[in-house]
Every structure is written in C-alpha cells, then in structure tokens.
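For clarity, chains are labelled A, B, C, D, E and F in written order, and residue numbers in each chain start from 1.
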C-alpha cells in the first residue's frame, strides 16, 4: 500500500511562466514516453511479478518514485500557466500574431477543461492510454521494455531541457535526467544479473529446438535494387547469444499463393464473389462494347 | 519504394480451423506486441533516419519483411475462420454451451464486420494504434525499443504456439519465432556496434555534467515498512556504464509543498476558491450546528 | 511525494480461482468507473488545486489510498488466473463448450500479453484512457464529478460482489464497497461545507445576470406526441438553488435557418456546390428524361 | 432543432431474449458501420453544408431518421438482456460451459457498467469514435462515403438477420435492411443528379492540368513474381470519367534515395549519429576481434 | 422517434469570424464536457431506463434538446471559420507570426478534413469517444453523473464566454449557460425527489450490513509527514447520509504481502523466474568479480 | 510477400522547409483519409479476399503502391522540419509571436518524440487507428469504401497543394493527386465490371423479398416545420437500381413506447426504481411543503 507527504521529491520552480512550455511538459506526463507510463508499467509489473521476490520489490520502489515525478511535472504545468493570455479578442490578434498564437501556445484545454492546470494527456492533447503499460510476465522482456522507456524518456527530458531557458525548469529537469540515467542502469543491472546474453533469445524458456532454426540467425534482405544492405555486426560472425552464426539470405517466398474458400452464404458477399460467374465476364464485355 | 509477389514468405497451413485461435492470432497482427507495430516502427525509423545510412537500410529491410508477416497472419486468421458456427439460435445453446460460446469463441466482428476475415485489431477487438509506433530519432533508444518489441513479440508467439495443436499453425509459428530470435539479435548487434555500454546513458550526446549527478547512480527506495529492498547488482559496485558507483538512498523530499496562485477570474472556479472566505468557515459551523 | 510498504491495504484472498472473474475485475481496474480513474482524478485535482489548501490535502490523501486499491485488484486478478485452461485444442472443445469458452472466459490478453496477470484495461480489453480523469479547476464541479465516480464505482463493486461466491473475493469487495461509501460521503461533505445549494449554479462565480435568465429555470419539452412530460419536482415550485421558479416551455426555435457562405476555392468542394448552377438543374432534367 | 415522441419508428419485439445477440447488436449501434456513425455523419454534413440548400435539408432528414434507429437498437439490446445469467459461480461452470460462457455470451459491461442496457460501444466493447464521422466539405466525396457506410451497414444488418431466429428481431432487421436499401439509393441519386461521371475525379474543382497527368490513368503494378495482374476494366479502354485511356505501368522508382540532414544537437541523437565516426568503425572491429 | 425543423433552437450569429475560437468551440461539441456527450448520455439513459417511466420521459426530452445544442455549436464553428487564412506561404510568416500561427489558430483539420466545418472532435483534435457516455442503470448514480456533466459543461461555457468578445457568440453562450443552469437544477430535483440523503450510499439497494462497516465512515489518511490532514466536515460529526459518525484513521495495511504462484510453463517467463536459481546467485557473484 | 528498393516512387524535394506544413502532411500519413489507411485497407481486403482472384491481385498491387506513398510523405515531413526553431525562450516570443507560434507551427511531438521526424499520427497528433481500415468481405461494399477513401484523400491532397507554395512539394502532390485520380477510377471500374446498378442494393446476395419492401424506396421526412424537403432525384421516378419507384413518406412511428422489465436485484439500481413507490410520491410532497 501507499503513503505520501505534501512536499515534492525535488524543487519545482518556475521563474518565467511560459504556457507553450506547459504544453510541452504534458508529453512528459501523459505521453507514451512519459511518467504516467513508467509509473504504471513498473507497478503493474510488480503486482504481476511471479518468480524471485526481489525484482517485485525493486519494481515497487521505482514505480512509487515515478508517482512523485508525475506530481512534479503536474505542478510545473500549473506554474507555467500562470499569467497566460486568455482571450481570442481582436486586439490580441494585432499585437501577438493571430490570437496570441492561440492563448500563448498552450493546449487550450489546459484552460477550458482544467482552469489552468495539468491534464492526463500528452503534448498534443491525446489522452494517456493504458495500452502504453507493458508487463509481459517475462522478466527479461520487461527489463528491455523498461530500458527502452527510460531511453526515450531521457531523450524527451533532454529535449525539454534544450527548449527552455528557465533556470527553475532546467534545474528540475537536470534532476529528472539524472533519475532516468539511474533507471536505465538498474534495469540493465537486472539483465546482467539474469545472465545477460545467457537470457537470449527472450523468452529463454522456449526450447530453440522447436523454432525453425534454419532462420534463427539469418538476416533476410528483401532489397531488390541490386545494392544490397551494408555489412554490419549482424551479417556474419557469432551471434550475440553465442548460439549461432550470422548469415545473409536474399528474401524469397517459401509459401504458396493463399487459397481461401468461397464466401459463406450467411456473410452476404456479392453474388459475383460466390461463383466465378459468366455475369462478370459478360459485364466486362459490355464495358468494352 | 515497395514491390510484392503473390506467394507468402512461409507456408500458411491450417488443418483444423479454430475460430477461437483466429481471435488469438489477432493479437499478433494488431496488438502492441504484434507485427503491424514492428513493421511500421522499423519503416518509420528508417524514413526518419539521420546519421549513418547503413542503419536506415537495415531497418528498411526488416520493416519490409514484417509486412510479409502480417500477410501470413491475416491469411491464417481467414483460414481458421472457415467452418465457424454462425448462429445464436436456441439449438446451438443447448449443445455447445451458451450460443456456441459466442460463435465458437471468435471475435464476432471477424464475421459481422469482415465476413470471416482478419481485422486491424488486437485479440480483444481494440484497433491497432499508431501510438505503438516508436521512432525517437535516437538510434540507441530505438534499438532498445526494438529489442523490447521483439521480446514481447516472441513471448506472444511462443504462447500462441502452446495453445494450438494444429501442425500447420505450429509450423508457421516456429518460423516466426525463429525470425523473432534473429530480430532480437540484429538490434542487439547494432547496440554492440555502437559501443554497447559506451552508448550509455541514452542519449549519450547530452553532457552528464548537466544532469544532477548526485542522483545519477543512486537507487532510491521509498519503502517504509522497515524491510528495505533486497540487494542486487544495482545497489553497489560500479555502474553498468562504468561512469559511477551504485548506492542506495532512502526516499525523502528535496522540494517544498507547492504553492499555486489563486484561480484567475476568467476560469470561473467557485467563489469560495478565490478568497479563503469567512463563508466557508461559516458553512462549516452551520454544518455542525 | 510518495512511499509504499509491501503489504496490501486489505486482505486479498482467492479460494477458487476463476478466470472469468479475473476478466470482470478488470473493469474495476481500468474501466471508466474503476480505481485507476479515481486515483488519477483525485491526484490531478490535488496537483491543480487553487484556493483553500485543505481540499488539496484531502484529495492527496484519498488519491493515495486509491493506488492501494488498484494494487489489491491487480493482485486479485493474478490470483484468479491461476489454474486457467491454456489451450484451444480439440479435446477442450468437446468437454467444455467451444474451446473452454475461450480459455475459461478470461480476457485472452491476460495470458497472451501478460502471462496471467492484470492489465491497465477494462473488462472488454479496452485500454484505460486519460480522458476519464476530470479535474475542472472548479472545486464544486470536481466534487460532483467525484460523487458520480464513486456512485458508479460502488454500483460496479456491488455487481461484482453478486456474481462471485468466492468468500475471499466477497470479503475484499465488502471492504471496497465500504470505502466507496465513505468516499461518496466525503465529497458530499465538501459540497455541504462549500454551502450546498449556495454553490449553485456551478460555477457560482459567473454572474447570473449574464446568462439569458428567461431560460434558466424552464424545463423545455420537445415532445410532440401530445402526451407531454409527467410532472415532477422540476416542473414547478422554487428551484433547487432558490434563485428562480421552475416552469415548462414547449420547445420552439428562437433562431433562423443557418446561412453559410459558399465554399472557398482552396477547399475544393465540387464545382456544383460553388454556384447554384444550371448544370445541376440540367442533370436533374436528364435524370428524368 | 429537434423533437421526439415516445414511440419507436418501428416495432421492437424480442420473443426469446438472447444476451449473445445483445452483444452483436452493439456493432449496429456503436460500430464503424453502425447507426451512431451514420446519424452523426449525416447531421454534421448537413450542419457544414455549403452550396445548394436542398442537400442540407435532405441530410438533416435522414440524419434525424437515424437517431430513431439508434433508439430501436438500444431498446432491442435492453430486451435481449432480460433473463441473462448473472453469476460466475461454480455450478454454472459445470452446467453451461465455463461460467455460462461468460454471462451468456454478453458483453460483461452491459451488466457491470449499464445494469443490463446498451452502451455507446461496438460488439467488442470498443467505444464509438468521433473519427468515424466523415464530412469532407465536398458533396460528392461525402455521397460516396455515405454509400459506403450504408453498404457496410446493410451487410452488417443482413448478417445479424442470419444469426438470429427470433421473429421479432428478424422483423425489426427487415425494416432496417429496407431503410439501408433506400439510403444507398438516395446518396446514389444525388451522385446522379450532380452529373455522375461528370463529377469525376473528385473533387472536380481542381484543374486536372495541375495534376501530373502522365500517371492519372495508369494502373501501376509492383508485382514482381512474373505473373502480372489479370486484365480488367481498369487496364485498357476509356477511363470511367471519359477523360483518359487506361494503361498499365510496371512499378519503378522515379525518385532518388532520400538524403536527410544530420541530427540537430538539441534533438540529442546518439553521438554516433552525428558524425560518421571512427568510433563506430572501431567498435565493429572490436566486435570481430 | 425523432423529428426536426430547419431553424436552430436559438440565434447563432458571428460578427467577427475567428478561426481560433472555432477551435475552442470544438471542446463544447466533442469534448468530454461537451454537448455530444450529454446528448447521448441522456438518450442512452432514457433508452435503458428501468423503473418509473417519468424519468425516462424527462431524459428523452432533455437528450433531444441537446441535439439542438450540437447543431448550434457546429453552425457557430462553420461561421467562425469563414475568412480564415489558408496558406503556409512565406509572406504570411513574415507578417503574422509563423505561418499565421498555423492558419489563424484553427484546428488544421477543420480545413483539411472538413473544408471549413465542424468535426466530431474536441478542441485538441481528439475524436469524441463513446466512453464518455455513462448510463449505469442506477438512477441516482446517473443523476449525479449528469449534474457533474452539466457543471463541467457550464464551466466550459463560461470560459468560452470570457475569451470571446463577439456579441453574437456571447449571446448564444448566454443562452447555453442558462440551459446548463436549468439542467443542473433538474437533475438535482430528481435527486431530491428520490429522497436526497435517503438515497445514500448509492446504490441504496445494497444492504449496508454486507459492506465492511468498520470502514464506511472513516477518513483514511496515508499522509506521513506529520502534518495530518486539516479538519473538515468529513472528519467528525454525523455522516451526510445520517447512518454513521465520521472518524479519522491513519492508513495502515490490513493485508499481507501478496504471494503469487510461480509462472506456468506455457507462459514462457524467463527460466530464472521459474526456479529461484543458483544461476542468478552465480551471475550476481560474477557481476562483482 | 514484399520487397523494396531504396529509392522513392517519385521525387521528394523541399526547397523551403516549413514546419507548419510538416504538421499538415501528417494528415496525409496517419489521418482517416491518409495513406496508412488506404495502404492497410487494400492489403487487408486482399488478404481476406474470397471469390475471383483477380480482385485480390489488383488490391495487392495498389496496397503495395500505397506503402511507397507513406514513404514519400514521411520523407517530406523530415525534410520540412529541417531548420525548425527549437526554443520557447523569451527572445523568440518577442520577435515571432508567442513562442515562435509554438516551434514554428509544428506538432511539438515531431521534435519531442521523434527528433524532427514523421509520426504515425494525424495533423492534430491523434494516433492512426486500425478502426479506419475497412474490409467488409463484400467486394462491392469495399469498392465504394475505396472510392470514398480516394475521394476524401484527393480532396485532402488538393488542399495541401493549395496551402504550400514550395515547388518541390507542389510537384510531389501533383503526382499523388494523379494517383488518387487513377485509384478512384479503378475502384469504379470494378463496380462497373461487377454490373454497376445490377449489384444494388449491396449486398445483392440478400433476397429483397426478405426486407420490408414497403420502406425500400421511400424517402422518409421527419421535418415538421411545414416546409418539407425539396424535390430531388430521390423523391420520384424509378430507383437507381431499377427495382422500385421512389416515393415520399412523412415520418411517423410504427412502433410503441418501449416497455422494459424492472431492474434485476443483482444490478443494484436504486430501490426507488424497483417498485413505483409511495416513497417517491411522498418525497415529492415533502419537496413542496
């Protein structure tokens, strides 16, 4: 279960409120690479955790930390909105570009729906989706998913850092970027602890004898312009998991043209689909006559 | 640009059509861990690729291969639906459980909306979302995202392999599982080629001097039940990137309680929010009188 | 900021795991009337709170409690899935209805995507949406929204209580139903504290002199079958806010037929839309010749 | 503006309530080919109509009729749910297939969220989306969109007619199928009135001299298996609009390989993307040593 | 069933078309607090109504009125778009801010997809969702949901009133604000008619003896910073429903740490999850060597 | 299966990068009338095709061509973003309108989430949805759906052509507009080949004797303002399919007021809904006393 205190995990200061930046910050709240996603992802992974308990506990810790990050960002949004222009009236148009560039560049719903506050949405006003929350039941798959989330999340945070020059916001983001560094590290540490390459391919509990091993380490190139694909680590040498040798295959079909049964009567396709009919041939003739 | 031939990349055979399995296969088509996602993800990453051209080319190759996988799965859905019961009539109820367990366990829309065919939806009938398609502009972040996608994708494929005993379906899946093996390998090969740990933290182009390094390698534990978090690779020793030493910090607030300005008049909060009013205090008194 | 311990807020016991019930419980996790919604709703309302601090603090308290409720439900899902049938093979079809009624009535993604665990989705597999999270910036509007959420939430919990006979699940739900009782009470207590009817209409900071008061207390009936609408508290007597007298108006248009300008050339409507043309008239004539 | 009376447009009778059929009917309410879509589509097209007023008026008429169709279907859902089994208890499992095949095959939310009523969702529990509502501002494009909607809608209605044997439901559907017939006819009648082929290509207000006419009537075949595409009406002869001659072109690239600029520093790609670096080459060498 | 006439319910005049305001108005059409939501919500509640018929009839009346409100707003959008700049060309950039602040601040899809018309979307271009439409089957829960919808809806309308200075738009909104006043009143009137506090807790048909009454009137505070939660109407005294006494409880766990079974083989977790293995311990040792 | 080469189907040149135009182009990628939709629509229709193989082959050809169109548009987005302003700093505000009109009018996620690249989203940042992909199993219904898609798609392309003055972009769009012309033609050619009006009503495999033919060719007008609906091709004369005579009917109810059963106990409606109670009547009296 969960507790809180009223202070934030780190300082949230805004010296020069900027409604356009309030819009940008929404991406770090409700975007696919944002904090709601990692928060819920780590918590659901913890709650569904089967196997060694220590990973469950670690996931709970970091999932809990992420709630505090959503709080900081939501607070930053509210502070950045203070002083936003709130009019689409004509004088504003003349001075600031059309309509103050729509209320100072903010998401209009931050005013219309929230009275100058944060929303559970991304920077384009798209609602956060539970579909972003991945917990596969396979610990290694989840750890790679988490590294990915913290990598795109840290990229987002560095971009936000670049587009603001507010010292308070830069300071808050420098904390969050550091936490993303650590979170990348800790998921990679679990991967190392679980054996690194020994854990591959993921899931490693499926016997490789049951996959079609002819295709397990072959790079398939469907490129037909004659230039091929440049050589790389993936085209020859021992595979990363040490279980095979990389090779290159030109793409080709190993299957046939699909043959589907005719439509069932209850599905009410067009009559012409049900029998390859003289009618169709007749119509074609008509069309050319 | 793109070309096709009419044959499938690998054999698609169904010996015993099973409409419930047709529903399951939809997850591998339109689910977040499915083939539409990786197909579009690799293609968008290729189209947006800035930097060394070889990665763009490789992404194009594998993105193109994945279109062929969607085709195989869609064909498998259509074949599994042949012979599905198409009635909610009473006699069916008596024999097969309620209403033939809803048309043999299939997604009813596979009949109602597609006349016994595949949909761009997942196993629960939720439409595929472009939000699943991640291309961050950072190659390393993208590679981890791709490993994650192929890991959850291969887990899905092995689960589908387990729940069917149709030899044709098992054969097709054994091919797809092998391709997921290779695709995990090739994204990991790029990570290795880009320097592995030298690429951390992602993005490595942001100077770590600008993050708050006090917090870059500290595991923060907000657990307050006195049991702490078990030790692990992430609690001490040199960090995975080699740039720091792991440590543990008990969670504590470094910030203050947020102070937001009062509501602006144009936002039409309740009057009672605008001034900490005697009215409210009066009302409380009234409530107890 | 936030903390946790490893125990759950209340006991989560499942005596007879039931995968169909695991599906139902998802509604209480990720549905519009579920715990993710109220959790995030109260937290965002707190983070955006402007005005008296005590309401912010109370919202933080209850928002934090709701995280613990999601945890209990997710745990209940995982426990209900233990022992679920995992096959669409033929023998299962013969015995249990078609395909074990699709893996025992569970959401197939609870297996395929989560390895027998909870998802951030509702009972029909639709992802939780940030759009469910309402925080309007008006405290009274938010309180009514919260009463509504706890009313539909408690209705859901009582329905879940009815369809299970597992003593552990009934016990857990009897706790949650009690908490929903309290949460309804506390939001109503805020409404009372803010003056009850004195807070109406919401927002009460908009001067009623600026609304078109001719229509502020009139029930408009667009019913034209001659039977009218039955009388009720809303058809006569003093209004609930005490500011007017209810009356009944038969619906009628006070406006005119809309007149829109013709299409702009850049919008490329059909040519026939741009001038009320002789061509159209000609075509009509042709059609009848 | 709008009025109603309390009776339905056509009889809604259910002799043998069937909760699985209640689920199916949801597709006709909230599905992309359902009545909410056509209702809102015709109304929005009317409200946005620029050009001859008669089409606006006709769209208003039929949009209004469709509200009555939603009403009939929602009523049919409520009636089909009466008597649904409401238990996941063990005895039900033994008798009827697992958990009565999940409450008789119904959408569980029809009970959990609506207390045995209709939802604004499709047959798979996916919420209706405003994205289905197309009104392009081009009358001809809208008319073809409407014919398409009524065609998939009528296909759906005939499939629903097939899977039920309830005489009341068959009767209601036979009315709706007839209305879909008429609605197809009337949108086609507008197309004829607007000149039929003279209205092509849509929009006809864009001068064809500004399109690249080399490609306006050529069927491009990217098939490379040597079998080509079978001949059809679209491969030779005068085009449907009479403005060109159909021909066939083998697909080929007329463009070059894209060349994107390197990443901007503020976007924080990996360092290795910014300069084609010796580091990468070095890493590759390391990988093979 | 439903009827219409061609006039609007109230005057829709726009003196100074403003494309940025056209974007804002979309929130009142397709937003969660908009007219499509209340329209469909009241109609679905009516169509699903079980119990006293008078509430069904009232819901039908007001649901029908709301269609007329969507019509007024859609018309207002179309009128506000007339004269919008339609170019991203360079001269515009120089004069008006970048690209005329994107076509005058309008939603670009109002031009691109609708040819200068309204969409079934909110102010951020997110499609209306059927998930917003709540009809719980419990009349009291529905009435609170409706009060909530009209409260956030009226707050939205007053904010729109503030940001425009067009006399026609202010006049139209003053009518809509008045109607929101009445609609709040009438749902509250039903609550009063159903007994007010006697209807609590909602649903009142679930016997309170079956909830865990130890927790029914206790405010639980998981705040651990030592400052507690300020006193309020909800911390002591008789509860709002008169059935209990409010009290305060410090949050504590009444449950245990969850214990989930190990993963099933078919779910293909990592091997390391299936047995708490020596391998893991070995790997950890390796990591530190 | 599928192949590619590295060149684009047609030239993609951008002379004056324009981030606002990059946003607009997203509609042609991920919007409902965009290329992802038609690409996937034609491919799914092909993969599900039952009946004459030639249509399957043609759909595969054109579906494959559309992948190349997505590629061109994504490339155009990346090129248009080069040189975009990347700052919300104060000096920018002063010069260019508020915050450079939010980063030059671009979708902020094109920078924040993609590092200056294309997304699988529309012009308003809403993710592409698999729900846009229609394949009904009825060939004629699909062909009309395809004509509709290419009509709204061509309208979109002409509007994009109008708002840019970049010669490279105009050239690329003039190619795409031409391809949309051809694609309209080819789907219409299939309709002609299938018999044109002989294929009506769609589906033509449902016997018209089973629809309620009294209503098959009657235009129903629910207009009650006395002005009626103007005459048109749809009000009299032979129907388009030649099977009937158009007529006009004034709307009237053929059904009764719905009668739903009272709520079931397990659904926990309010007690007052279950019996038409004296309590309610009493409460009403109280309300007026």
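One rule holds in what follows: a contact is a pair of C-beta atoms (placed from the backbone, for glycine too) under 8 Å apart; a residue touches a chain by one contact, two chains touch by 3 or more.
Everything quoted here is computed from the prediction, not taken from an experiment.
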| item | value |
| --- | --- |
| Rotation in the CA alignment of subunit C with subunit E, degrees, nearest 5 | 180 |
| Contact-pair overlap exceeding half with A-E, pair selected from D-F, B-C or A-D | B-C |
| Higher-contact pair (C-beta pairs counted), B-E versus B-C | B-C |
| Rounded Å distance between subunit D and subunit E, as computed from the means of their C-alpha atoms | 26 |
| Residue numbers of subunit A (touch at least two other chains) | 1-9, 32-33, 47-48, 50, 57, 60-61, 64-65, 68, 75, 78, 86, 96-98, 101-102, 111, 113, 115-116, 121, 124-127, 129, 131, 136-138, 140, 152, 155, 158-159, 162-163, 189, 192-193, 202-203, 206, 222-224, 232-233, 251, 253, 255, 258, 260-261, 263, 266-269, 284, 287 |
| Chain contact graph, described as a line, ring, star, complete graph or other shape | complete |
| Contact footprint of subunit B on subunit E as seen in their complex | 155, 158-159, 162-163, 224-225, 232-233, 237, 253, 266-268, 284, 287-288 |
| Of all residues in subunit F, those that touch subunit A in their complex | 1-7, 47-52, 86-90, 96-99, 101-103, 107-109, 111-113, 115, 121, 124-127, 137-140, 189, 192-196, 198-199, 202-206 |
| Touch list for subunit F against partner subunit B, complex | 1-9, 30, 36, 40, 43-44, 47-48, 50, 57, 60-61, 64-65, 67-68, 70-71, 74-75, 78, 113-121, 127-133, 135-138 |
| Of subunit D, residues touching subunit F in the complex | 3, 5-12, 32-33, 53-54, 57-58, 60-62, 64-65, 68, 72, 75, 78-79, 82, 86, 111, 115-116, 126, 129, 131-132, 134, 136-138, 140-141, 144-145, 147-148, 150-152, 154-155, 158, 161, 171, 174-175, 177-182, 184-186, 188-190, 192-193, 200-203, 206, 208, 210-224, 229-230, 232-234, 239-241, 246, 251, 253-258, 260-261, 263-264, 266-269 |
| Residues of subunit A touching subunit F in the complex | 16, 18-21, 23-24, 27, 31-33, 85, 96-98, 100-102, 104-105, 122-126, 152, 155-156, 159-160, 162-165, 222-225, 227, 251, 253, 255, 258, 260-263, 265, 267-274, 276, 279-280, 283-284, 287 |
